[in-house]
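Take a look at these structures.
One chain, chain A, links the two complexes that follow: it is found with chain B in the first and with chain C in the second.
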Partner chain A sequence: MAEVVLEDLSFRYPGAAADTLAGLNLTVMRGEAHALLGSSGSGKTTLLNLLSGLLPAQHGRILFDGQDVSQVAPWQRGVTQVFQFPVLYEAMSVAANLAFVMRDIPDKQRSERVAEIAGKLGIDSVLDRRPAGLTLVQKQLAAIAKALVRPGVSLVLLDEPLTAAEPEHKWQLRQTLKSLQQELGATMIYVTHDQTEALTFADRVSVLHQGVILQTATPQALVEKPVHEHVGYFVGTPGMNLLEGIIREGGCWVDGIRLAAIHAADGPCKVGFRPEWARIEQRSNNVVDKATNTLPVVIRGTRTLTTSRGQSLGLAVARLGESEVVTRQTLTGLETGAGWLSIDPERILCFRDGWRLTDHA
Partner chain B sequence: MKAIQAAKTGGGQWLLYLYGIYLALPVYWLVSLSLRSNQSIVGTTGDAGLTFANYQEIFTNPVWYTGFANSLSYVAINTVISVTVALPAAYAFSRYRFIGDKHLFFWLLTNRMAPPAVFLLPFFQLYSAVGLFDTPLAVALAHCLFTVPLSVWILEGFMSSVPRSLDEMARIDGHSLPYFFLRIFLPTIKSGIGVTVFFCFMFSWVELLLARTLTGSAAKPIVVVMTRTVSASGIDWGVLAAAGVLTIVPGLAVVWFVRKHLVKGFALGRVS
Partner chain C sequence: MHDNRAWFGVLPVLLIVSFSAVIPLITVVNYSVQDIFDVDTRLFVGLDWYRETLRDPRFLDALLRQAGFSILILGIEIPLGILVARALPTEGRRVGLILVLMAIPLLIPWNVVGTIWQLFARPDIGLLGSFVNGLGVEFNFTANRLDAWITLLMMDVWHWTSLVALLTFSGLSSIPSAYYQAATMDGASRWQVFRHVELPRLKSVLMIAVLLRLMDSFMIYTEPFVLTGGGPGNSTTFLSQYLTTMAVGQFDLGPAAAFSVLYFLVVLLLCWLFYTSMTTNAEEQ
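Let's look at the complex of A and B:
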């Protein structure tokens, strides 16, 4: 297993007008479970192909344990990959498929290794069968085994490996993958557009957007301190609320109400807060009291997610001028109509030109 | 489901039997003719006994059995050339984008839009000029004009249904393209190859016009021998029928050998 470093990595397809990937810098530590999170078209497949060596690097370097592998063939890099849909060689049994990638290793060691990995993934019973007779989950487990079986693998790439699995199998597959990753200490890069998969699988997540890595951080930091509006919006269900605001007199203001203190240059900004950081309360219709941190809104509806001890918890949706605000809170007693929105001033984030203003007071 | 059940047990069943009889009747007639003597067939004597003399004639008379040998050899050459040439071509059409690929792919089919007769004269002159006239190779090459495009079309469909990640996986696993193609890719599309072989064989085996024009006496194919069985004593019905029966056999054999792939292949084709 290796430490993987990207240095100023860029890529442009021949004939394209813009870079698909622009100046990526990233360090994935040895034995780290890393996730690349991005919507389709963000360049994640291109980055994956650069890492595996299917595409040659044009600009910048890829280092495995300090060795420049930018121009090295995939097999020499020691990279293996698990694809969206299980890829196995149909003409061979599962065991032969696994042994096939270890052709440079003596027979005895090879069969031991196959048995060991198959045992860990729970596919020992199907080793002698052809892939055609297996279920989708078994096939994908076999494909994962194929990626992990070769000793001296430096990096395992996972390209949305759970896409093909049924929802009820996804969780189990992800747990298997995660525990195996920890047990083997494998360096894994997991590419996905599904934030739940990324946040639950990875030690650290890189958010890729339009060919640029916006942020690399732990799942918790991505939720609490997104450095870019897009990260805030993309991570979290539902995503971060963003309101048009303004910074003046050392604070950020929305609709003439001061929400939080911030030390930043005066000017327009976007005020962001997660649904968990705010709550909406009912207000009697005509009273508009300009209290600090509190915005008058119109409650549009609620959606119950769970109920416990007579309290229903869920999402409340409200309108604030042109914008829509979603909060996650107790819904008991909340009805459509006028309401107050209060936001935790400690957690409010301000963005300008997309990026977070960091100098919080 | 109920409708199908009803059809199985009701009138539909009889319709199916009728259709089966309709299909089998000529074959039955042919087989029965081939087992009778000429006198019996034209009805001059009342003798209706079974005889294998007609088959004996075919297996002992060199005109007949070389006819079979000629036909089989050009059909085999044609099938081998078509599949060998079409496999890499279909792979290129399926996996690579290049300038004019779609036009070229369609253009392949336009060859099939012309009846074989169009190509008679140019082929005849060409093969006479290069000394290929009256050889099985001449017929095989002429048939390739039709079977290669057909094979490319069939194989391209099968190859495109194999996900590209198989190719990528093989590259990551460190296999060269030739190794991947022969050891991994071909086994994956073997149903498609079965279907292709079937179509090449069938086209070449039943084609008469080119086969007759491009051969003289040395490479005369069986279908041509059959059209020339008129002797001084009239048409030799019994031998002709026996030759007909024997001509059906190789077709049956091919269908038998590729039947599993055929069913799978046609099913795949229907899905995609």
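Let's look at the complex of A and C:
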């Protein structure tokens, strides 16, 4: 397994007006489970194909353990891939599929390796069968085995490998993948548009948007400190709330109410906060109190997600001027109508031109 | 009881099928066991005509030629069709145009195909014939048996390889690109890609291609009739042509009917053999 480094990697399809990937820099450590998270059209597939060598690199470099592999053929790079649906040689048994990618290895070593990997993935019993007779999950496990079986694999690419699986099997497959990744110390890059998959699988996640990596961070950091509006909005269910605000007098203000302190140049900004960081309350006195950091809102509705000890927990949706705000909180006693939104001032994030303004006071 | 009325819905189909297939077939079977002199004079002869046909050296020769012809054209057209299909571009504006051009031979009436090749291969004025003779190679399909066969095979290959290529092309285009990508990443050679990725997925279209070409070539009549008239000698006389000579030319209705039934059974048997062997093969996998 290798350390994978992208250096200023760009790519433009012939005849296209704009770069599909623009100046990517990324280091994936040896043995790291890395996820590339992005919506469709973000350039995920192009990046995958550049990593595997199916597309030739045009600009920038790809390094495996410090060696430039940008111009090396896929097979020589030692990159393997698990696809969205099980891709196997259908006329061969599962064992023959695994052996095929190790054709340059002595017989004895090869069969030992097949048995070892099949054991780890729990597909020993179907080794002699052809893919056609297997369930979808078994086939995808076989495809995963095929990607991992070859000794000297430098990088394993996973292209939304759970897409075809039934919801009840997704969890099991993801656990299997995760534990195998840790056990083998495999460098894996998991490409997906599904944030749950990315956040639960990966040590670190890169958020790809319109051909640019916006942020590479641990799942926790992506949730708590997104560097870009899009990351805040794209990660999290539901995503981050973004309100039009203004920075002046060392603080950020929304609708004439100061919400938090911030050191930044005066000017308009977007105020972001996660549904978990805010709550809506109702109280008898409806007079606006400019001294507190609470905003008057109109509650439109609630959605219960769980109930515990008589308390219902879920989402509250409210309107604040033109914007919609979602909070995740106790719903008990909350009715549609006027309410007050308070946001944890320690956690409020301000964005300008998309990017987060750092340096909280 | 009530539900059984639905059977009346099947009646029109039964009627059409009986008039188009069953009744004519039974008529032929009826003729094949009689010696017919004229409308009122018929003799029941049992299986005599069948015995006679099976002992007829001209029938056996024609059957052998027929089998040889079918095996040869399958052996050329199937691999050639696959090669052509693999060489076609898979996307772009040119694809549609190429497919239309390739389909042209399939749209030409069979006797026109025969006429085209009759003229094309003529040793005196034909483009092909006079060119080959000009090279110093003696070529005359009306006099030389080998030349007649070569011309006939070329004609059939020209006429029908497109069909195999088009079927194969449709089979190839249904293979998801991920299979090719995976094979590239596995370092598979071109041959391995064909053998392990494409061939298994072409099995069903190739079966259709083989069956169509086998049945069609086994019943070939018009093109050799126009091109060589079965000659020189009987060297390109296939089953259909012999049968026509017998039934229409010589008006031997009884033997011709027995011949027809045997012919039909042979075609049926061949198709059944092919179909079962290829489907069981597919099931094993």
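Here is the rule we go by: the second predicted complex is superposed on the first by the 356 of 361 C-alpha atoms of A that agree within 3 Å, B and C clash if a C-alpha of one lies under 4 Å from a C-alpha of the other, contacts with A are read in each partner's own complex, and residues count from 1 in each chain.
One rule holds for everything that comes next: contacts are C-beta pairs under 8 Å (C-beta built on N, C-alpha and C of every residue); 3 or more make two chains touch, one makes a residue touch a chain.
In this text the structure is predicted, and so the values were computed from the model without any measurement.
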> Which term applies to chain B and chain C once both are placed on chain A by superposition, clash or fit?
Replying inline: clash
> In the superposed arrangement, does A:265 touch chain B (first), chain C (second), both or neither?
Replying inline: neither
>> For A:305, using the defined touch cut-off, is the partner it touches chain B, chain C, both, or neither? Pick first, second, both or neither.
In response: neither
> Which of the two partners, first being chain B and second being chain C, lies in contact with A:79: first, second, both, or neither?
Replying inline: both
> Which holds for A:130: it touches chain B only (first), chain C only (second), both, or neither?
Replying inline: second
> Shared contact residues on chain A for chain B and chain C?
Replying inline: 49, 52-54, 73-76, 79-81, 83-85, 87, 89-91, 100-101
> Which positions of chain B touch chain A when the two form their complex?
Replying inline: 163, 165-166, 168-169, 171-174, 183-184, 187-188
> How about chain A: which of its residues touch chain B in the complex?
Replying inline: 49, 52-54, 73-76, 79-81, 83-85, 87, 89-91, 100-101
> In their shared complex, at which residues does chain A touch chain C?
Replying inline: 49, 52-54, 73-76, 79-81, 83-85, 87, 89-92, 100-101, 130, 132
> Which bits of chain C are touching chain A when the two form their complex?
Replying inline: 176, 178-179, 181-182, 184-188, 196-197, 199-201, 285
